[in-house]
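A quick write-up on the structure given underneath.
The chains carry the letters A, B, C and D, assigned in the order they are written, with residues numbered from 1 in each.
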Amino acid sequence: MTLETVGFWVVAVVLLASSLAVVLTPNLFHAVLYLAAALVATGAIFLLLEQPFLFAVQLLLYAGGVVTIVVFAIMLTERLVGERIRQTSRHLINGAIVAAAVFAGIAGFLLQAPLATPRPGPAPDATVAIGRALVGPFAVTLELLAVLLVTALLGALYFARGEE
Amino acid sequence: MIGLSAYLVLAALVFSIGLFGVLTRRNAVGILLGIELMLNAVNINLVAFARFNGDLTGLIFTLFTISITVAEVAVGLAIVIAIFRVRRTVEADRLDLLRG
Amino acid sequence: MAPLTVPFLSIITWSPFVGALLIMFTARHSPRAVRLISAVTTGISAVLSLWIYVAYERENAGFQFYEKVPLVPPLGISYELGVDGISLVMVLLTSIIIVAGVFASWTVAVRSQEFYALLLALVTGVYGVFVSLDLFVLFLFYELAVLPMYLLIGIWGSTGEVRPRGIFAWAYRETGVGTKEYAAMKLTLYLLFGSAFILVGILALYVNAGSGSFSFLDFEATAFPRSLQRWVFLAFYLGFGVLAGIWPLHTWSPDGHASAPTAVSMLHAGVLMKLGAYGVVRVGMGLLPDGAVDLAWLVGTIACVNIVYGALSSMAQTDLKYVIAYSSVSHMGIVMLGAATLTEAGLNGSVFQMFAHGIMTGLFFALVGLVYEKSHSREIGKMGGFGTVMPGIATAFTIGGLSSLGLPATAGFVAELLTFLGAWRSAHSWWLYPAVAGTFLTAVYVLRVVKQIFWGPPSPHFHDLVDARGPEWVALVALVAVLMLFGMVPGLAIAPIDTATVPLLARIVNP
Amino acid sequence: MTLDVGLPLLVLALPFVAFLLLAIVGPLRRTGRGAGLVSIAAIAISFGAALAVWAREFVAERTWGWIPADGGPIATVGVLVDPLSNAMLVLVTLVSLLVQIYSLAYLADERPGPLGRYYTYQSLFVFSMLGLVLAPGFLQMFVFWELVGLCSYLLIGFWYERPAAARAAVKAFWITKLGDVGFIVGIVLLWSATGTFEFTELFEQAQENALAVPGLATIMFLIYLGAVGKSAQFPLHVWLPDAMEGPTPVSALIHAATMVTAGVYMVTRTEPLFALVPEVLTLIAWVGAFTALLAATMACVEGDIKRVLAYSTVSQLGYMMAAAGAGASPAGFLHLLTHGLFKALLFLAAGAVIHAVGTNDIFRMGGLFRAMPQTGIVFVVGTLALAGVPPLAGFFSKEAVLGGVWEAHLTGPFLMLALTALLTAFYMFRVVFVAFFGRAHAGGHPHEAPWLMRGPLWLLAILTLLVGIRFALGGGETHAEAPGWLPPLSVGLAAVGFVLAWAMYQRRAIDPVRIAVALTPFDYLARRRYGLDGLYAGLYRGIILGFSRLIGWIDRYVVDGILNALTALTLRAGDGLRHIQSGRAQDYVYGVAFGVLFLFVWAQLWRR
């Protein structure tokens, strides 16, 4: 399946490039945009893995929601500061070394791990199964998650509200 | 044929890049972005494993992770804004209230 | 078992806890309601304790009022309750002390709802330890009994003064010796240190028994290898022993008792220290007969040190609360000594001494609290002639003191006598001598204190002292009456105790 | 064995009921005189019952389980009624009754509250003493033994606001407790060896020679230690003179007639056991005789009338013990009974005197015979009895004691006791001459005591006479074995003592000061109580208190110090380590990353 192979490499390059941009660009606003790109690329990976539902969720929630919130936050802080925030980094070398070492560690493991390489046949649409699982065995978890989200919402409101 | 390990290596790379961001960014928002990348990498892993093992659980967990991430970002940013209001900075290395 | 049996033990155990919850949620700003709820919920426990004490079938012995509800079936943890002769007496003791404690601290003004809520929660822990037959649950209750103490002492305690001296003087300045925070922290750390050993011991038994159950009864049916028994017994001895105030791990107790508010001291010295001794007897000796035999020499010898050392230390104190606190160290020595004799008389004496000392030290701390509250001083040297102005307190104190020095017709005598009898018949008959010497020393320091505080011409330092009154009398009269009743009719307690100690000993002597 | 113990139990129960009533019903106690009447009524009925028991010569035993154990009770309580206890019952209830009546007048100035307290203690004491007398076993005896000790403590400290009284009370308790430590150890050992506390069983074993217990001598010696403390034998006699700080009626009852004789009673009661260990008996005899002599010498130099009587009590207790030790315990017990009568008489009479003149010092009295002739007469009767002048009660019992000791071939004790007899007459007549006959001192108007006090005095005086006369008439059996030269000797010794006292204090033919100078070492030592009190005080302060301070210091600054040092070191270490905590989140991420790396490395190594 060369189409998948090509797709994978393209998406991989985009993902890595935009990720690097996220952590390297000096402009915070740009970083957020690059993050959006990276998230979309991840969504594409989900597509490659034949999970369209997750792709949708990724786009809607992650790329849509998260990025929007961050953009709002940046604009808010900029308004408060009254100037554009420059995104600077420090100890680049240290960070690079540690990150590389961690990658080496993980990769080392992956190489040794006896992974099931053969890809099973085309997956059926998992959406229905996911739906059943969410209201079946994972119902309690789902409810807890709902509580968490509400709590987070309230918490965020409380923190951000400031003193009146 | 793209094997499982390719996805995993890709995820590891993204994870490391995210880690790099977390370690080096000075701005609290930047750090948050790094964290997003790391979580994203985790999601890739989960989905890949789910796909290759034919197991639904990974997918469900991805959903959960995404939702939790959203919550985390919201709270994180709220905290950033709150801190900013008090300390007039979002520079992570100036925020050392927890210093022993 | 009939399906509609009333779960007496559960009610006894949880009633104070319910009281605590009620206080926290409904009686926030009504001190009167707080006291009422406390009195009623502890009263329920007390009445039921008395009921099970009467209803316990002595002919059948064994564990009665049995309840069992599985909690975590995969791990074999269940909520399993039951009382035998020993725990029966301990439950009764607890209920007497807590009722008296509630009345004795009727006048606590600062944040009384939190105070009572914590106190009641703690009592639930104490009851739980005495009635639990599942070691895991027992451990949970044990922790529940220990932890509220930190807050109770840290917030409502009183601070004394200890002058830094000796080669470690620098350490005294840095750690804040003498403050209530120091005392609270010391007590908590010590007891947690002990409970670490207990947990290790319990897990060791669990793993080795292999029956996949934490039930006491299942463990009891298991014969553990002797070498295992030995070190696990040591772990239990250290772990529970810390709470029982064994030398040299006892120093938390004088500081803790001296700093704690009245009801807490009563409960702590009166009941919590017994948890330790109870643990050694029930869990240590009950499950590890060979270990008990092999290490009895250690337990008994340390107990002898406790007796004499505690009495001498007590004599050296100038602070009234410290005197009583050290006397507890000394008397707990009698408890441990009785247990270590591994004889019927000694064990009966040990358990009876737990009861007797519980009551008498509860009485003491209640009285010290009253004296302190009225005179605002704990310095013995400054007091004098209080007998004229507070005859009731003086009388009660004297009776407590007499029981403490083992005067016949008080519960203390019977306990000490039985311990002596056991000591001489044990494998280490010389234990008798330190024990007897301890009673003489007790006579010296108790009467010295009585003379100094209550006798002699009235001290110029104090004016306008008044006797106990109102609810305080309830506590004093109840405790004195119990002390004397059980001293004159010891069979009331010893008969049930005996039904439990005899089988226990049978296991030890012929496993 | 009859099981009819109702009457003896009644004797025992009544004072207890009175005690409970007074202890619990506060308002009744606080009436003072009302409390006294309740107590007196109880003891009066009790006395009547005791008389009935005695007259019918009850013999019975009954026990009930007290401390249960698996194979039958480990300890029992009950009553053992036999001639010995019957006689003692009568003595105890009689003296108690008289003393309580007497106290009503003697303590008339007390406020109602303390007076009620006094009678509460009195009732408790009578109960305890009767319980001791009726005890069928060592354990019950010990129980009541301690209880009478408690009452003694409480009553000595009755005027607890006076520091001297408080000190004396505590001292009495401690010293007797010291003896009791031996007692309880002895009991425990005996129980361990024989498995019983019961006298009857022990006696049976003794008769069957089944009591060949190793270390029986030690056991009996330890038990005897209890008697040493309680009956004020050397060297634990020091508490008794100080106990005179209590009200005089208390001294009469507890510290002369009843409690202090408990030791003698115990030795008499368990005579079959002591008979098995002759070496201990010999020791008892020697100690008794020595105590008698020592106390007599101290009585000779004492100026406080109550203390003279206290030393004389110690001395007479020595007599009784010596008799018991010589194997003549009936003689000792007889002396116990007669001594109980006339010593109570002497104390009560002394009380009347003190009540009248307001001082204890005999040298500040004088010529009292004229002011209070009745008291004087009864005091002289008591003195004659104590000095051993026929036909008074004391003569016969003392002679029996001397005879018994002589029969046992204990020459040393016999000589000491004989010398004591002389000294006894001397110091008693010294008091009589100085206080009652000498020149009247100014100050105060001594007057005769009220009839409530005189009544008991006369009754006791008459009893002393009657008992003596009864011995004189029906006598013979008690001192049949005494050699014929004994009565003249003892009368002669008494006469010498009388003459000496007369010459020194009445005629002033001999100057007491010159005698004192001549006997300087003795005088010096006797006045300082042979240094024993100082020795005890020193031991107490130096050894017990000193050692306790040392232990207290060690506990606070070494045992706890090590702990605190560890704590402080931990705190310091934490202080050092806390600088690692930079507070910057990213530094922690580094930490996490390194942790992960470490895990990787460790996992790699572990796999190989």
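The working rule: contacts are C-beta pairs under 8 Å (C-beta built on N, C-alpha and C of every residue); 3 or more make two chains touch, one makes a residue touch a chain.
Note that the structure is predicted; figures quoted are calculated from it, not measured.
Trainee: Consider the two chain pairs A-B and C-D; indicate the one with the greater count of contacting C-beta pairs.
Mentor: Higher C-beta contact count between the two pairs: A-B.
Trainee: Report, in whole Å, the distance between the mean C-alpha point of chain C and the mean C-alpha point of chain D.
Mentor: Result: the chain centres lie 36 Å from each other.
Trainee: Hey, how far is the Cα centre of chain B from the one of chain C, in Å?
Mentor: 53
Trainee: From the mean C-alpha coordinate of chain A to that of chain B, what's the distance rounded to whole Å?
Mentor: Using C-alpha averages as centres, the distance is 7 Å.
Trainee: Taking the mean of the CA coordinates per chain, how far is chain B from chain D in Å?
Mentor: Once rounded, the distance between the two centres reads 88 Å.
Trainee: Where in chain A do residues touch at least two different other chains?
Mentor: As it turns out, chain A has residues touching two or more other chains at 94, 98-99, 102, 106.
Trainee: So which stretches of chain B touch two or more other chains?
Mentor: Each of 19, 23, 93 in chain B touches at least two other chains.
Trainee: What positions in chain C touch 2 or more of the other chains?
Mentor: As it turns out, chain C has no residue touching two or more other chains.
Trainee: Could you list each pair of chains that touch one another?
Mentor: Going through each pair of chains, those in contact are A-B, A-D, B-D, C-D.
Trainee: Which stretch or stretches of chain D touch chain B in the complex?
Mentor: Spelled out, the residues of chain D in touch with chain B are 577-586, 589-590, 593.
Trainee: Spell out the residues on chain B that touch chain D in their complex, using ranges where they run on.
Mentor: Result: residues 19, 22-23, 31, 92-93, 95-100 of chain B touch chain D.
Trainee: So in the complex, the part of chain A that touches chain B is made up of which residues?
Mentor: Within the complex, chain A touches chain B at residues 1, 4-5, 8, 12, 15-16, 19-20, 22-23, 28, 31-32, 35, 38-39, 42, 45-46, 48-51, 54, 57-58, 61-62, 65-66, 69-70, 73-74, 76-77, 80-81, 85, 87-92, 94-96, 98-100, 102-103, 106-107, 110-111, 113, 115-117, 119-120, 123, 126, 129-130, 133-134, 138, 141, 145, 148-149, 152-153, 155-160, 162.
Trainee: Of all residues in chain D, which touch chain C in the complex?
Mentor: The touching residues are 65-70, 74-75, 113, 139, 142-144, 146-147, 150, 153, 157, 160-163, 166-167, 169-170, 173-174, 177-178, 181, 184-185, 188-189, 191-192, 540, 544-545, 547-549, 551-553, 555-565, 567-569, 571-572.
Trainee: Hey, which residues of chain C end up touching chain D in the complex?
Mentor: 162, 165-172, 174-175, 177, 186, 248, 251, 309, 312-317, 344-345, 348, 385, 387-388, 391, 402, 405, 407-409, 413-414, 417-418, 420-421, 424-425, 432-433, 436-437, 439-441, 443-445, 447-448, 451, 454-458, 490-491, 494-495, 498, 502
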